[in-house]
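Heads up, there are several structures right after this.
Same chain, two partners: chain A is paired with chain B first, then with chain C.
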Partner chain A sequence: MILDSLAPLYAELSLAVFAMLLLVYGVLQKGQVARKVSYGALVALITAGMFLYAEPKEHVSLLNGMFIHDGFAVFVKSLILLGTGAAVMLSIKYMYEEGFARFEYAVLMLLAALGMMLMVSAGNLLGLYMGLELQSLSLYVLASIRRDSIKSAEAGMKYFVLGALSSGMLLFGISLIYGFTGSIDFAQIASVVSENGASNLGLTFGMVFVLAALAFKISAVPFHMWTPDVYEGAPTSVTAFFAMVPKLAAVALIIRLLMGPFETLTDQWQQIIWFIAAASILWGGFAGIAQTNMKRMLAYSSIANIGFALIGLVCANDEGVGAALVYMALYMVMTAGAFGVVMYLRRDGLSAERIEDLAGLSQSHRYLAYIMAFFMFSMSGIPPMAGFFGKLVILKAAVASGFYMLAVIGVIGSVVACFYYLRVIKVMFFDGLELSLDKVPSTSRQIVVTICALIVLFFVVKPEPFINMAMQAAQMIS
Partner chain B sequence: MFDLPVLSLMTFLPLVGVLFIVSVRSTDEEVMARNAKNTALFTSLFTTALGVYLAMQFDPADAGFQFVERMEWFPSLGISYYMGVDGISLFFVLLSAFLVPICILASWHSIKTRVKEFMIAFLILESLMIGTFCALDMFLFYVFFEAVLIPMFIIIGVWGGARRVYSAYKFFLYTLLGSVLMLVAMLVLYAQVGTSEIPVLMENPVVRDLQIWLWLAVFASFAVKMPMWPVHTWLPDAHVEAPTAGSVILAGVLLKMGGYGFLRFSLPMFPEASEVFAPMVFWLSVVAIIYTSLVALVQEDIKKLIAYSSVAHMGYVTLGIFTATTQGIEGGIFQMISHGLISGALFLSVGVIYDRLHTREIGRYGGIVKNMPKYATVFMILMLGSVGLPGTSGFVGEFLTLVGIYQVDTLVTLFAATGLIVGAPYMLYLYRRVVFGKQVNDDAAKMSDLNLRELSLFIPLVAMVIYFGFFPGYILDRINPSVDRLISTYESGLQKGEMRRAALLEAAQVKPAAGLDTQAVGTVPAFAPVHTDDAMDGGDLPMPIINYNE
Partner chain C sequence: MIAATAFYLFSTILLLSALRVITASNAVHSVLFLILAFFNAAGLFVLLGAEFVAMILVIVYVGAVAVLFLFVVMMLDVDFQNLRQGAKSYIGAGLVFGAIMLAELVTLYFAWSENQPVAVAPKEMSDVTNTEQIGRVLYTDYVYAFQLAGLILLVAMIGAIVLTHRRRPDVRRQKVADQVSVKRDDVLEIKEVKSGQGIL
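Let's turn to the complex of A and B:
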């Protein structure tokens, strides 16, 4: 049966079918159905997850090599599904509060998740481009979903224009690679590259263009300029989604490219990744200090964190890649929690986004303040929070591969970044209460924030299973 | 006999107290505060009782680690939950367990806002401090060591004085920068030796060039924590702004983590580097002793004065430790314990008058011996202990340290001994200005003498200061075997290093120098362009010659 041979694709197929069904449902239904569609999206994500785990984690290549199914893909995809689910749950209440409750919202998130899953499983350059564009287009629309807000529209526009530019670079790079290797298939590129070696300048150029485009997607310095503006302008729930999931997927894609077809060019790309890792850590640390807006601060924090994850990639071995996965996953948890807390901050029916708005939170919303403090300490990498273990595995991988300088830059950058994380804690705990915030209950948001806080706090008790899972996933990449 | 996991109980019992405090909810702030205070006091007293049990069960003759506990934590990396104490760490554990109930009692009335949170922070702090001194796994140590920053940051920042935010930041970032460098050093050590167990690492020192770098990275952490001149500037700020209890713990225990780190990491793990850098440490210590004593002389703020005196006293500790002689190291440890008691008590006594007059300015007091005779007596004993009068515990530590340093470097001894003289005036001058003289300030003259609660805080401390001054044997007998073991580890480490160098030299003579180079290049990963310049060990480190995992 043809259908049976597509079994590894079931997760993606089910997601696509669900997205379309929900779209049709939303169009046909009269009135506000955003909430129902969101619940539908959660069901879709769970279903996709079940299909994903029903399949053995062996390496399978489908659709003439365009789609690869392996343990690495399964691991990353399950994180994508979890992250998207968390983002949907964080959004439900927020959509209504901010007045952009449209059913397209959840559908677009599903489509973005679908694009990311295809991206992670890409087996050739065409699949890569299609997956990347599907997620990017969905994200552009999500960024500007609040049509009546100038800021949101501006964020969407900026993101779109710069995203289109990076897509152009990507295509240019792909055409160079195709021109010099005669193939778009990863496996064939790999064999051509290993035969010709690093002597082929055109190929190297193509790879650099592709890397630049992907660095844009993960907002690594020097391709990070869009991040603070888009983070600030987009609705907070969308920002949370941006920070959590697409970055993870793009990092996974970079891993698949660099550890796959370009593995023999390690000498070439290692320098590039080394530089953008170091630059992201330092710039993300220093520039974040000047921010007064919570979302902009978290944007710089995400830049610095991406730099840290890239340290794992510089190592160019299983340990480093596994460490990068662990780091991204833990970062996803902390981000989800931190943005969840930010969404709680409302004053007179408007969202409060400045850092000063948190003043005295420890007196008015005691538990919220403590939870936020956990996330901030965790992002600073202070033990015993989960973030420390992310940094530990990354630094361990770097040191084991001999990148002492990068490790030192990493830890110094993390001390610098610590300054602005501490400021959040300072504002919440040391400053007096000025204006009180509204009390807005939201069950789904509370669930996400609580789970994230528990993970951050109790990861120290048993860090091993998850880290082993990531390391195994890294070994299964092929 | 060792069935009871005393160390884990001591470490995690305070956390049980925290759970208890958190779980009790009441709408009445008053009730909640009282409950929190009682729970915290009870839990910490119980921990102290466990500490007494620990001290009684401790076998003084055994030089190795006792009460060892080991559980799987991170089996695939070989990192485990590994606890144990020897003579060196025993008294730091006891000091932590002993000072916390005193701090809690001292804050009984002076902390008025967010009492519940204060008690939680203190119990967490206690748990982390005890854990730091018990941990026998490098990474476990690091987790405890760095996590201490969180409660301390909160304690200074929330309950501190006017410039509390600045001080809390300074404290946090200074110490963090040092610690993260140590983390990198630990990871390098782990990559080289293949284990994170401190006892194993002590027996297997790495090659000399690497030791130099690692020693510096570790030094960055412990020197800040200690604090040594010139990275001591966070301490006066932190002390001045912290609430009384915070200052007591800071001076009493947190500073000792630096000295403990030198004893656990620098000396046994990097013996060759310690030997190389010992003169530098000596001179830094001498500068600290003399310079900060002089700085203390001109202070107008009582807490700042005592803070500078702490830096000077810690100078003796580093001096003693890096002599690597029995007397020097024992003197250093004794000085730390004695300083923990004396300066802790001194900060308490500052707290007593601060609670009454709400100022730390020396000029606002004067002649209080007339209305506070008991206080004047207690303060005098503590002041003399700080100066190092024979008959107080302060003398023993300084004397032993000087005996130790005399065997190594007489010139340094000259300056260090001069420091003893410079160290006396500022305390005496402080005492004269605060306690004696005319009663110029009416409000200071009206202050009431120590009440029962305050007296009960001072009596055990003062008693110990005097007891250990006359009978230092109780402590020295217990630390002696472990110190001897430390020194033999240190010396065998030096020997290993010499043998290793001799072997290298021989190998270089057998093979021409070029042979060594190619071998070394082979060990450097292939991505040389980026790597060579940055690698701290460079290309001349012939790593695979010696297998450390034998």
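Let's turn to the complex of A and C:
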């Protein structure tokens, strides 16, 4: 049976089928079905996860090598599914509050998740590009889904124009790689590169263009300009999704490229990633200080965090890559929680996004204030919290590979970034209450925020199993 | 000889019209020059022996995309004069980046002549036309990419509808099913009118 040979693709196939079924259901149903479709999306994500784990983790290459299934892909995809699920749960109530409740919202999230899963499994440059476009296109629409708001439209437009530019760069790079290696297949590129890659200038050019385009997707300095505006303009639930999942997928894609076909070009790409990592950490740390909007601040925080994750990649070994995966996963948890708390902040039926709006939160919403404090402590990397372990494994890997300078930059950057995380805590606990916030209960959001807070708090109890899982996943690339 | 003449003719017109696309002050002229550029690019493809790509370029880009552009430019009231304001202040930076790109491409050219790409044996270049060759692999070797392209188009369609479709409350829509299934009792009421009283 031909279907049996597609077994590693079942997760993606089920996601695609579910997305289309939900779309048809939403169109045919009268009235407001955004909530039902969101629950349907959760079912779709769970089903895809079950298919993902039903398959053995051995390396399989499918469909003329366009699709790769291996332990690394399974690990990253399960994180993508979890992150998307959390984002959908965070959105359900929020989209009604903000008045953009449309059933297409959850469908687009599913399709974006599908694109990301295909990216992670890409086995040649064509599959890579198609997956990347599928997720970007869904994200452009999501960014501007609140079409009555000028800011949301602006965010979508900016994201779209700059995203199209980066796609252009990506295609230019791909065409150069194809021209100088004669193939778009990762395995074949790898064999050509290992023969005469280092001396081949055109190939290096192609790789740099591809890296620049992917750096745009993960918003690493110097390709970060769009991030604060898009994060601020897009609805908070969409911003949360942007910060959590697509970045993880893009980092995984970069790992797959650099540790796969370009592994023998390490000397060339290491300097680039080194620079991008250092610049992101420093810029994300310093520029975040000046922000007054919570979402902009978290945007700069995401830039700095991406820099940190890239340190792991600079090491160019399994330990470093595993550390990067651990870091991205923990960052995903903290971001989901922090954005979940931001979504609670509403005053007179409008969302309150400035940092001053948090003033006196500890008096009016004690539970929320403490949870936010956990997330902020964790992001700044203060010991018992999960964020500390993320930074620890990264710095350990960097020092083990001899990148002392980068480790020092990482520490300096995170100390600087501490300022704006701790300022949030100061505003919440030590500034007086000025205007009270609305009470907005939401079960699904509460579940996500609570789970994230528990992970952040109790990761310290047993960090090894998860770290080992990530390290194993890193060993299974290629 | 004819091929070389045709090449230089096509590429000169292509470059000039591409330049006019960005310099023309009238937006309609820009789009028309864009169409001219597409036609010449298609000519270049024909010279390369890629007639399928050439025809696709004409059908898709000239037939659909450029005409759509023209439609947008003529139908929507976009103030292009205002859009252009301030564009001149970016000319310096633009030239610098353009120069860098040009330098890179020149370097690449030399890299190319030094370092010929590894030749990959083309799939048997027999007597079949390249349209037929594409047809042979598109739904077999590349079915995955083909299906993904379909999904991407689906997302584009969803996006276009989500961002533009709105239900206007003041418009009364025709509901054929409801109209057909109307019962006599729903719309008709018989009242007995007593003489000299009328209906209250």
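Simple rule for what comes next: the second predicted complex is superposed on the first by the 478 of 478 C-alpha atoms of A that agree within 3 Å, B and C clash if a C-alpha of one lies under 4 Å from a C-alpha of the other, contacts with A are read in each partner's own complex, and residues count from 1 in each chain.
As a convention for this text, contacts are C-beta pairs under 8 Å (C-beta built on N, C-alpha and C of every residue); 3 or more make two chains touch, one makes a residue touch a chain.
All figures in this text were calculated on a predicted structure; none of them were measured in a lab.
Touch criterion met: A:Asn64 reaches chain C, while chain B stays clear of it.
By the touch criterion defined above, A:Glu133 lies against chain C but remains apart from chain B after alignment on the C-alpha atoms of chain A.
Contacts of A:Ala352 after superposition on the shared chain: neither chain B nor chain C is touched. Contacts of A:Gln271 after superposition on the shared chain: chain B is touched, whereas chain C is not. Of the two partner chains placed by superposition, only chain C is touched by A:Leu23; chain B is not.
Chain A has no residue lying at the interface with chain B in one structure and with chain C in the other.
On the side of chain B, the complex with chain A involves touching residues 73-77, 139, 142-144, 146-147, 149-150, 153-154, 157-158, 164-165, 168-169, 172-173, 176-177, 180-181, 183-184, 187-188, 190-191, 524-527, 529-531, 533-537.
For chain C in complex with chain A, the touching residues are 104, 107-108, 111-112, 114-115, 117-120, 141-145, 148-149, 151-152, 154-156, 158-159, 161-163. The residues of chain A lying in touch with chain C in their complex are 16, 20, 23, 63-64, 66-67, 102, 104, 107-108, 111, 114, 118, 126-127, 130-131, 133-134, 137-138, 140-141, 144-145, 147, 156, 176, 179-183, 192, 195-196, 199-202, 205. On the side of chain A, the complex with chain B involves touching residues 266-267, 270-271, 274, 316, 377, 380-384, 388, 392, 395-396, 399-408, 411-412, 414-415, 418-419, 422, 425-426, 429-430, 460, 463-464, 467-468.
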